[in-house]
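Order as written gives the chain letters A, B, C, D and E; numbering starts at 1 within each chain.
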Amino acid sequence: MARLELRNVKKKYGEVEAIHGIDLDIASGEFCVFVGPSGCGKSTLLRMIAGLEDITAGEIAIEDGVVNHIPAAKRGLAMVFQSYALYPHMSVRSNLSFGLENINMAKDEINRRVTEAARMLQIDDYLDRRPGQLSGGQRQRVAIGRAVVREPRVFLFDEPLSNLDAELRVATRGEISALHKRLGNTMVYVTHDQVEAMTMADKIAVLRAGRLEQFGRPLDLYNNPGNRFVAGFIGSPKMNFIKGAIVDHDGGIGFKADDAPVVPLAAGRFDKGATPGTEVELGIRPNHMRLADDGMPFDVASVEQLGGETYAYGKIPGSDQATLHMQGQVPISAGEKLRFEVEPAEAHLFRLSDGLSLRASE
Amino acid sequence: MSSVWTFLTRTQGRGRLTLTDWVSYAYLLLGFLIILVPVAWLGLNSVKTAFQIEKQDLALLPGDFDRVARATVNGPEGREIFVIGDAPDWVLNWKDLNAEQKAAQDVAGYLAGKEGRELFALRTHLDQVTTLARAEITALGLPDWLTRYSALTPQARTAFDLDVALAGLSADQERLIKEYLGVDPYKPNRIVTQVLVTAPDPESGRVMQWAVPNLNPQSAFLPGRAVDGSIDGVVRLPRDTVTASRNIKPAWGNFLDPLTGQAYGINVDFATCITNSVLVTIIATVITLLINSMAGFALSKYQFRGQVFFLAIILTTLMVPATITLVGVFKAINATGLSGSIWGVIIPGAATPAGVFLLRQYMLTIPDELIEAARMDSATEWSVYWRIVLPLALPALAALGILSIIWRWNDLIIPMVAIATTKEAYTIQLCLLEFRGEHISQEHYRLAMTVVSLIPTTLVFVFLQKYITTGIANTGMK
Amino acid sequence: DEITFLCYQNGNECEVIADLAKGFEAETGHKVITEQVGYEVVRDQLENQLQTDAAPDVARVTNLGGLNQYYLDLTPYVDADYMEAQYGAVLPWYRAAGGEDTGIYGWQTDLTVTGPYVNVTMFDDAGVDLPEAGATWGDWAAALAEVKDTLGLNAGLAMDRTAHRWAGPAFSYGAKFFDDAGNPILVDDGFRDFAETFVGWHTSGLMPVEGWPAGSGTAYRNAAPLFLSGEVAMHMSGSWMIGNYSDNITDFEWRAVTAPCGPSGACGAMPGGAGLVAFESSDAPEASAAFIAYMAREENAAAYAAATKSITAHAGLQAAGVDYGDTNPAVSQALSTFAASIGQAAESAPQAFQFQGYSKNFVIYGVVPDYITKAITGEMSLDDALAAIDADVAAKIAE
Amino acid sequence: MWTAFEAAFADSNWPFAFLVYLIIGLVVARPKGSLGNRIMTVIGWPIELAQSLAGSGPLPYLFLLPNLLVFGVFTFAPLFINVGFSFTEGQSILFEDRPYAGDNNWQRLLGETQIDTGAENREDDKFYTAIMQTGVFVIFQVPIMVFFALITALVLNRDIVARGLWRSIFFYPVMLSPVVVGFLWTLILKRQGVLSLTLMEWGWIDEPIQWLVDPTWTMFWSVFVFTWAHLGFYMLILLAGLQAIPGDLYEAAEMDGTSDWRMLHRITLPLLMPTLLVVTVLSLIKAFQAFEELYAMQVSWISVVSYIFETAGLRGQPTTHGLGVAATASLIIAGFLAILSILQIVLSGRSAR
Amino acid sequence: MARLELRNVKKKYGEVEAIHGIDLDIASGEFCVFVGPSGCGKSTLLRMIAGLEDITAGEIAIEDGVVNHIPAAKRGLAMVFQSYALYPHMSVRSNLSFGLENINMAKDEINRRVTEAARMLQIDDYLDRRPGQLSGGQRQRVAIGRAVVREPRVFLFDEPLSNLDAELRVATRGEISALHKRLGNTMVYVTHDQVEAMTMADKIAVLRAGRLEQFGRPLDLYNNPGNRFVAGFIGSPKMNFIKGAIVDHDGGIGFKADDAPVVPLAAGRFDKGATPGTEVELGIRPNHMRLADDGMPFDVASVEQLGGETYAYGKIPGSDQATLHMQGQVPISAGEKLRFEVEPAEAHLFRLSDGLSLRASE
């Protein structure tokens, strides 16, 4: 339950700058998720918050106190590691109590906390087992328990689910969300799985190459991605990007790619940068495209019938790799030529030069 | 106290040189000295002369003290001891010269300028007495038993009458022949070399040159004789007032002589030893790699009855090594007809349990799918082994190869058991040991050859250090 | 035929024999293959070889009586009368115990005798006179102690660590070692007397710690390095060192002296030496015997003695003298000193001679150093050590 | 050169047998392709043949065969040969010349009295002394070495400059042959060696100490030199063990506010325990076999291996029943080592659980 | 191009029976996919076909010849392994030619085949590289190439895509399908990814615990699962199963769970086993459920907003773990109580006792 603030935080490994200056303000009790492609600096950032890496420049403040030079143990944070990092030679109980013993807490208090955390996480039955004798999900819970007993101000998670199989992942994801609701702590959670991000986060921070691309609520990111990168990264199936230019159309503006018909664009949705002639990419999610007899052409290269939904992959003017998503079992096959139209309200425009969204800010 | 523990505990520190770091570095430095100083000392000693080594000279650099000749002359006047201050080097080192070098010196010319006791001493020293006396005996037609007389026992001598034989000779001639025969009062004269030192005369305080037998560091006094003869007899020079100068001269001969077979008093031929060791090392390593990898392959890539049993056998051999069962090994080597040739060293050591284990562990990491793929590709099991598994196990083979080279090169026990009786088959380690038990010390050769024996392993170490350390760390055995 | 000849050398013996063998090869057409090994091999390994089939045809050995069971009797092949006449004194050394054996088994290449070398320079520097011939061990010990003290040496006297060096003085103290019937009576008064003295020399510091106490078991330790490096004034060694010392000692004057005598007046020195023997297992007995006979001829014996600067066992040569050629006078003098020692010992301590031929002497050699060392280092009391020697020898001989 | 070759191999007929094998291979396998191909084809003909005749069932055994043959003949057979020797007597190494002796050798080795003479037996003292001295050696050497190997490994596992270099330096003595190690230290420890003389120079001692003769010092230096020579090896294993401990455990512990001391004794040491166990057992076995370095140094005590060497007459003089007695002694030691290794397997099995 | 027939094939590992007797008839040129949960015996079955495992009982016939005792090398099959099992120390060319050299094929013929396969798979440019220098997709192609050059009668694939990342997986999936079209070989393909199965297969064999559950065309399996297991296994998100019983309803039949309203069932869709009173589970896919004011109650426990679709998880009568799938961003939240109805044409009934579908066979 603490506010966490990063002010122009930078990290250099030798000559290499891994983090280029990040400002971030995580409110107390918020569940903040860091996402981004591999190597973008998520772990580094988290470890800097934890105190496991030195901070090259900038400041990290917890509840208004700058912690740059406070050692990890004293920051009042707890971290759950990707591999859990449970002490393999200690019982679950000792794993939980180890950190408390380190600060010479009274026996009674330790017992109380351990028992409570164990009950909460439903690991009471395994307290005397070793981590090696637990299943993946149970270990995960012990790792969380180890953090919980310390009653930290902030929880840090570094890809805690990536070692679990798909099913367990879904289940544990729910548990962590529930835990957050129950404890109400500030949590910082690193993942590169965007479903995780979308479903768990209060706020998502999208990182790319050591820079913060966007920070906001999940659906805001989905609906209003700030740039092409965020738009492509968030949402599955991936957004289609169609190269083209803005043209005048029907008094408003439209989008035209190659020799395709003009796509009308919702007026007022875009800011003044969206002037005719600007080279842009139109971003449209596959599920916002409808088959229509007079729309843009779609050359089907392959079709995937999943039973409940149908994907068509193929070419459209302005894009070689377009995806079309349809509900139910749609009887199309490779080689067919379809036509589709775009839901204007869901179209995004990104300037070709810098990828920034042309969406008017609300 | 806590800082000591700090230094023991922290594993991956970040930044900042702490006290812990300082203590760590101090520990490492100490270790460095303890490890490398003895090796360096060995290296330095290996180029010292035999003489310097015999004298337990602790100087870092090779070379000897400046020396001076001290003469003892026996004659009717009794025993006279004096120092010849101006003897040239070739005279001092006469004993060390070979025949050619001796012939190159103008001995007669040198002696011509000498007279009296110096002459007597020098002509004995320069081996002139024997030559001159024998020439004289022939020239004067003296009886030929004189040439044999000197080595006779007193009893045997009574059969010959010396006085009669030598009657009528001049005093000089008589002296020469009697010196040759070593009869009283002309016992053999000697010249020995002494260390030339400078020290104040303890009585007068006059700084002058002295001859002392050696610079015995343990005694408080050195017995010195004045080089200029101004003081008779021995003067006790306080050890710490004495200074001596030395010349630096590495004795490369320590290395060259044994390797070229010119070393005196050595009964092993180092060139042979090295050849043998090289042969043993190469052949044994090839065999080891082949049969160990075959066994490793079988144990890692097949499932068959008795697999666990065979693995257990191999692990047991690790625990109860041949060192203990020497007698049996000796018998086994003998019974297989391997003793006395380097096969006796090569074969018994070829099946190393550690090697099999290392290779097996490594081969376990080679995916079975590869082998199945090869089988689907119609490969026979033998070609699966050598075309798929062997190349893929190359890192482990390299590690084992290097280890095997080191083991073989350094092995002592098996050669001791297998080939101790056949000198032609001696490996280098046995040859080094063979220096013992000789009647004179050949320490200088042994030191030099020890250094030579170090070279291959050191080279292997320097260039392949990474593979060795990972290889060993991975098997955990030696 | 091809004869393999296993040879060890202290100096150049093997080379000299190999040289002389060329004459033999030319004369007979046989071929001699010399295999040169260390002394330890001959001492320790030859017997193993003889038990397997790896044995040579001819070898130069020192355990003359001990290997008797393997010897080839040369009598049928050689001129027995000549051998008896010239080498009669040493032939019994090769024979089996019990006195019934009359075989001729080998040619004594050389006679050796144990005896001390002294560092004359040290005596000179210390101003101590060398004790005269006939001086006792007590005299020498006193003189050496004086040298040691005056010059600040670590020790005065060094002795190779082997019972063979030890036996000479022991004989001079009256030790018998074995009775007329050939049974060991190892620890008698003389033996005990000398053992006490010997241990005393160590306690008083006359003898160095890196000598006997530094060894263990039967390990041989050569004291020559101590002498060479000027750490001791006397080295109890033997005639085989003459060549080495004359070549290697350049910085002090050394001299061989006759064996000191004991309190009883006996002046014990262990005679000994090596001999060429042929083995029964040989495939070429005739050639082997011929080779030995060839070497035993007077001219070859003389050449051998001259080239190796050793004392010949050939009676005729002993009387007439050997021409050592251009040997320097100091070497000749040492040779004559040792040759004299042999005679002296033969007279005053005849047991020593018989002991050399005593077939079990190696057993005794094996036991003495071990226990005496223990007595010196204080691991055992002297009495216990002596008792142990007796027990051990008895046990080993019983085997 | 060639004669040296011949001499080195003596007239052993092993190479000939191998040649025959290769020729058969040449005929049977008809190799083609590159040189490597040809060589391997020629070597592997029995296995190829077996596969084509009998399928792949017997192949693993064939692959194991050469190695097991050598193992069998030179490692296992000797064990049984030793048994044979221990129950027969005499000086010969040929079994046909060795009469059955019952437990005579055991008596000779362990009995109170000499079975041949009835006098007091000295052999048992010697054996006992060898065992005791080796025991003392082991008791000091193993813990000391493991301790220093551990410290060195801990230091080298730190984030220090030129870690690889330090690691190699500490490992270097392992590369030296025991003979060299022995000579090296003799050079320093002999009476007139640098150590004594330097100490005297500094005035710390008055006269040279007999490092290798004085019974207490000789044990000290035996332990020291042996540790010196082998430390690097065990250090390396421990280092591998340390590096196998996941780094995030330390980070987790750091987050848990663990002090350095607790980090060592609650995290590092417990997790290193299996490796420490391996290291301890391996070094125990190694120490029990200590011989070569000590032999080359001529230390003044007798280790069990040199007792066996000497008694058997493999070095030194052969004695009448030496072979049998030595074989008996080695059986006892081998039995002891076997128990040790079983203990290790049991212990490490337990710690794995 | 060969027919592959399995007749009552069984496999025992020691005492454990891994395959319980499977009959399967794969027509010549068919692309057959084996799916099933982990450990169900897919790989075992494939390896038995390949000849890498012994057959405990039953027969495997290729093109009518029983191959039980023919070694792998001689069956004329080729296999592509999960990890490709490329020989890492050989060039791509050698990888392709290794198998041909082993059977002493003539140099020329080898070259011809290798060149052809390389051209077909577009790996001609990498022939001299080592596998380590190739990307995942290229490796995949080499692995296939190694199979292709041998001109096998049947191709076997064991989870060949599971090592690839999601994106590459999709691409390679397409390539394999294309290859099948081009070569027309019989292919047997093991996967546990049902999307792969659905999109690639001509026929899917669903295995469970060593038994064949169903064998048929993908959409047949989706639309007409033979039993509850297949129904649950095929299709994502997973089908909801609601416990209840068949009741009379409106002259036809209906389904009633606990105290929920009766769900009417399409007449004629179910066979005569579907009599009132039978205890059954109703199977309905989450995307065949519509929000409706008078439908069954749905207690929302949690909601996942993925942007393009919304999942609600919660309880319904007869099921504690029900999923509701909605297109777009539906503003519901945990704790809400919804009502939904089922599309009767999409409902499945499974007898509770044995899980068999009550669907009338067509």
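Convention: a residue touches a chain if its C-beta (ideal position, glycine included) is under 8 Å from a C-beta of that chain, and two chains touch if they have at least 3 such contacts.
Going by UniProt, the chains are A, E = Maltose/maltodextrin import ATP-binding protein MalK; B = L-arabinose transport system permease protein AraQ; D = Lactose transport system permease protein LacF.
Please read these numbers as outputs of a predicted model, since none were measured by experiment.
Number of steps on the shortest path from subunit A to subunit D, with steps defined by chain touch: 1. When chain centres are defined as mean Cα coordinates, E lies farthest from subunit B. The chain with its C-alpha centre at the largest distance from the centre of subunit A is C. The central chain of the assembly on a C-alpha centroid basis is D.
By count of C-beta pairs in contact, B-D exceeds the other of the chain pairs B-D and B-C.
Taking the mean of the C-alpha atoms as each chain's centre, subunit D and subunit E sit 57 Å apart.
Centre-to-centre spacing of subunit B and subunit E amounts to 76 Å, using the average Cα coordinate of each chain. Here the spacing of subunit A and subunit E, counted between their Cα centres, is 30 Å. Subunit C and subunit E have Cα centroids lying 94 Å from one another.
Taken residue by residue, subunit A touches two or more other chains at no position, since every residue touches fewer. In subunit D, the residues touching two or more other chains are 93, 192, 207-208, 315.
Across the assembly, subunit C contributes 48, 52, 154, 229 as residues in contact with two or more other chains.
Subunit B makes touch with subunit C in their complex at residues 50-51, 54-56, 67, 70, 72, 79, 81, 93, 95-96, 124, 127, 129-131, 134, 145, 147-156, 159, 179-182, 187-188, 190, 192-194, 213-214, 216, 218-221, 223, 225, 233-234, 264-265, 267-268, 334, 339-340, 420-421, 423-424, 434, 437-441, 443. For subunit B in complex with subunit D, the residues that touch the partner chain are 2, 5-14, 20-21, 24-25, 27-28, 31-32, 34-36, 38-39, 41-42, 45, 56, 58, 217-218, 271-272, 275-276, 279, 290-292, 294-295, 297-299, 302, 304, 307, 310, 313-334, 336-338, 340-343, 347-351, 353, 356, 380-382, 385-386, 406, 409-413, 416-417, 420, 422, 424-425, 429, 432-433, 446-447, 450, 453-454, 457-458, 460-461, 465-466, 468-469, 472-474, 476-478. Within the complex formed with subunit E, the subunit A residues making contact are 174, 177, 195, 198-199, 218-219, 222-223, 234-237, 285, 287-288, 301-302, 304-309, 313, 327, 329.
Of all the residues in subunit A, the ones that touch subunit D in their complex are 47, 50-52, 71-74, 77-79, 81-83, 85-89, 98-99, 102-103, 146, 150. Contacts from subunit D toward subunit C in the complex involve residues 91-94, 97, 114, 116-117, 119-122, 190-192, 207-208, 210, 212-215, 298, 300-302, 310, 313, 315-321.
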